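All chains are identified by letter, namely A, B and C, in their written order; residue positions are counted from 1 within each chain.
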Amino acid sequence: MNALTVTGLCKSFGGLRVMDGVDLSVSPGERRLIIGPNGAGKTTLFNQITGEIAPDSGTVGLFGRDITRVACRRRAHLGLARTYQIITLFPHDTILHNVRLAFLGLSPLRWNPLAALDRRQALAERAYAILARIGLDHIAERPLAQTSYGERRRVEIAMALAQEPKVLLLDEPFAGLSIDERGDVQKLLLSIPRDVTVVMIEHNMDVALDFADRITLLHFGKVIVEGTRAEVVADARTREVYLGT
Amino acid sequence: MIRPASRIASAAAAPALVVVLLATLPVWLGHHPYYVNIASQILLWAVAALALNVLVGYAGLVSLGHAALLAMAGYTVGLLLQAGYGHLAADLGAIAVTLAASAVFAVLALRSTGVGFLMITLALGQIVWGIAYRWAGLTNGDNGISLAARPAPFGLSLAGAEAFYYTALLIFLMALVSMRILVRSPFGASLAGTRDQPRRMTALGFNVWLIRFLAFLASGFWSGVAGLLYVYYHQFIAPPAAALTASAEILLMVISGGAATLLGPIAGAAIVVIMKNVASAYIERWNLVLGVIFILIISFMPEGLVPGSVRLARAAWVWLRARLPGREGRYTQERIS
Amino acid sequence: MSLWLTLAVNSVALGGLLFLLSSGFSLIFGLMRIPNLMHGSFFMLGAYLGVALLARGINFWIAALASAAAMALIGGLIERVLLRRLEGQVLPQVLLTLGFAFIIADVCLMLWTGDPWQPATPDHLRGAVQVAGLYFPLYRLVVVAVAVAIAIALWLLVDWTRLGAMIRAGVDDAPIARVVGIRVSQLFTLVFALGAALAGFGGVMGAPYLSVYPGLDFEMLPLALIVVILGGVGSLLGALVGSFLIGFLYNFGTALLPDLAYVILFLPMVLILVLRPQGLFGKVTT
């Protein structure tokens, strides 16, 4: 059974067709890289997998279950987590609180109007543990507004990891990072256990290629090439898309 | 994370001092009914402002129809008392009606957020005002509804200014404590999250709509409580209580004091009530004053008076230090530039 | 004339006035995302100015145009000097317009007292005209004719001129419009002034039969809100259809169920919000 199955996904904005019959099958534990030029529909694909955008037609399946009609928030409870290319964090709060919210999203505690959140030691400890994994535990109490861009990129990933997803969607986790920071994030991604399926959008080939088991090349909302790293790199169509020859 | 006893004591000292001050306020005011009544008004409007702050401050949803909810509680009390029910039944009925109306308001207004939310609440509020004004058969129209007397729970009459003040103080403290618990709770964190990053909250598994809906109900509940205080204080309710001006006044309290803070709305309520009483003693033009305050605050202290004053005081302090002679002054100046 | 016909004529006339009020409101909201809460105040202040000018024996049409010009000036100034400084901060902008609404209301109360003013219908617009064997009050027909003429003019402006193309681009997507070089900020002032002028003009047109009184501003404002919620933000056709719909509901509601007139106004708004939140002619925004 596939971890993630997408069949015949179509989406138009106004008259513009941004997703034109995309099929995708990702096995459990696989690392899948999705590449493609700007406007290929990569982020739109993610938005439809998580349910933030409803497709015009086609289906999305998670471990054999059709989730096309399942609300976005329910998909998080089914084990789907994502990061955003454009940083989407809580700017007024501390790093710790950001991660804590990720835990809260899946916990019935989120409805509790009486408990004191700051006194929930177990929750804080779990958040610290995640922050230790990404190496930000020493600045956990720092307001997000006072953190660097690279730190925020890592908090993005920490929030997704905190939800212990079965399928993790990473939208350009290396975007805008320095070489040192890229190394940190790369180590972090390699440390993700193999029972988590990872789908990643990335432009930065030198860090991303090593990571991927299989690669899907998207162009104008269609899958152009799919295969192992070597197959996709060797394929003439890949060069055509990227070099325009 | 065990705090030393001395720190707990000092953390508890300031609130305790304030409660003692408030409890003895009639003494400081020389038991003068006029001043005690103004204090009661501040407390009742503080409850209303705290209620609206749940939406404006913590949910990021600006309602311009909250006076309608308050008035609905007041009208329900008046009508049920007229119909011969007791005070307890009338009060419970009023809260139930206000909660039901809040649910309707919320379902409609939450079709939208931001400016759309504001417009829909404004339109709904004006409709309630229109019903109060036009449906004379029910609401007695412009003449309003009078209450024969204030209640006397457990045989304690609230007719006097001080008895009413202590009741209002008790209810105000309950509202304040419950707000403090709410904003520090996991639900409060969820609510603030929907304000700052609704999209991410949905992706994290939160039901953003339901969180906002529940916040609206909480806000509606305390608006209803404020409505009870209002109608018992004035022993009268008429259409202006539901008007846009009244909704705008409550919003002014929240914004002028500082939205998303606990003390801001209370400070705002005090400022608006005192201004209103002072202004009406000298000039008839309260609306003019209200409008000018609105514009001044928005232009010069958009974050509210409590956070704004802190910011201005800090800026003044830095400015002063920078102009003091000596190394320290230069150091500060360098750091700023 | 039968009751029904009278009601229908009044409804159409009120619809025309509402269009003058809400078309500007809708354009301002669509373009700038500001619900201009002083729009009813422009209507009322315009009406009072018109009354004052008429009292000095000035021709009705000149008085209406002069009021419109005065409102355009006031609106344009407020936009240029104050609203501009708060660009992008929706809430402060809304509160600023609300603050001005209160100030205008109080200044009007000071200058024109709390009594209602009802200027006489101008001589040349008095009387009735016979159409298909029925007599119609001329003035109401003139109000409708003027509203329709302005609707056509606005439609031509928005759909067929370069300025209109810029307004449409701004309504659809302000950031993109800015990128392609449309000077959105000047457009804002222009549209704000135009909306204020239309509201002021509507106020003068309405004065002879609505009369002018304190509170007219906040009676008209929610009507404009409901029209825009019904018709859809930024849509002239929506404003037109919504205006006449509300005109009919208001008049028939007030006549048939005077107690519940406001509830009847409220029902279509509820239906639209539940079934089609973008309004009848609004575009879905993503």
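As a convention for this text, a residue touches a chain if its C-beta (ideal position, glycine included) is under 8 Å from a C-beta of that chain, and two chains touch if they have at least 3 such contacts.
Since the structure is predicted, the reported quantities are computational estimates derived from the model, not experimental observations.
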{"item": "Chains touching both chain B and chain C", "value": "none"}
{"item": "Centroid comparison with chain A (C-alpha atoms), farthest chain", "value": "C"}
{"item": "Most central chain, judged by mean C-alpha position against the global CA mean", "value": "B"}
{"item": "Centroid distance [mean C-alpha coordinates] between chain C and chain B, Å", "value": "33"}
{"item": "For chain A paired with chain B, centre-to-centre distance based on mean C-alpha positions, whole Å", "value": "42"}
{"item": "Separation of mean Cα positions, chain C and chain A [Å, integer]", "value": "48"}
{"item": "For the chain B and chain C complex, residues of the former touching the latter", "value": "62, 64, 108, 111-112, 114-115, 118-120, 122-124, 126-127, 130-131, 134-138, 243-245, 248, 251, 255, 285, 287-288, 290-295, 298-299, 302"}
{"item": "Complex contacts: residues of chain B adjacent to chain A", "value": "1, 181-182, 184-190, 192-193, 196-197, 199-208, 218"}
{"item": "Residue numbers on chain C that touch chain B, as the complex places them", "value": "29, 33-35, 37, 82, 85-86, 89-92, 94-96, 98-103, 105-107, 109-110, 218, 221-222, 225-226, 228-229, 258-263, 265-266, 269-270, 273-274, 277"}
{"item": "Residue ranges of chain A in contact with chain B within the complex", "value": "50, 52, 72-74, 76-77, 81-82, 84, 88-93, 97, 100-102, 104-107, 109-118, 120-121, 159, 163"}
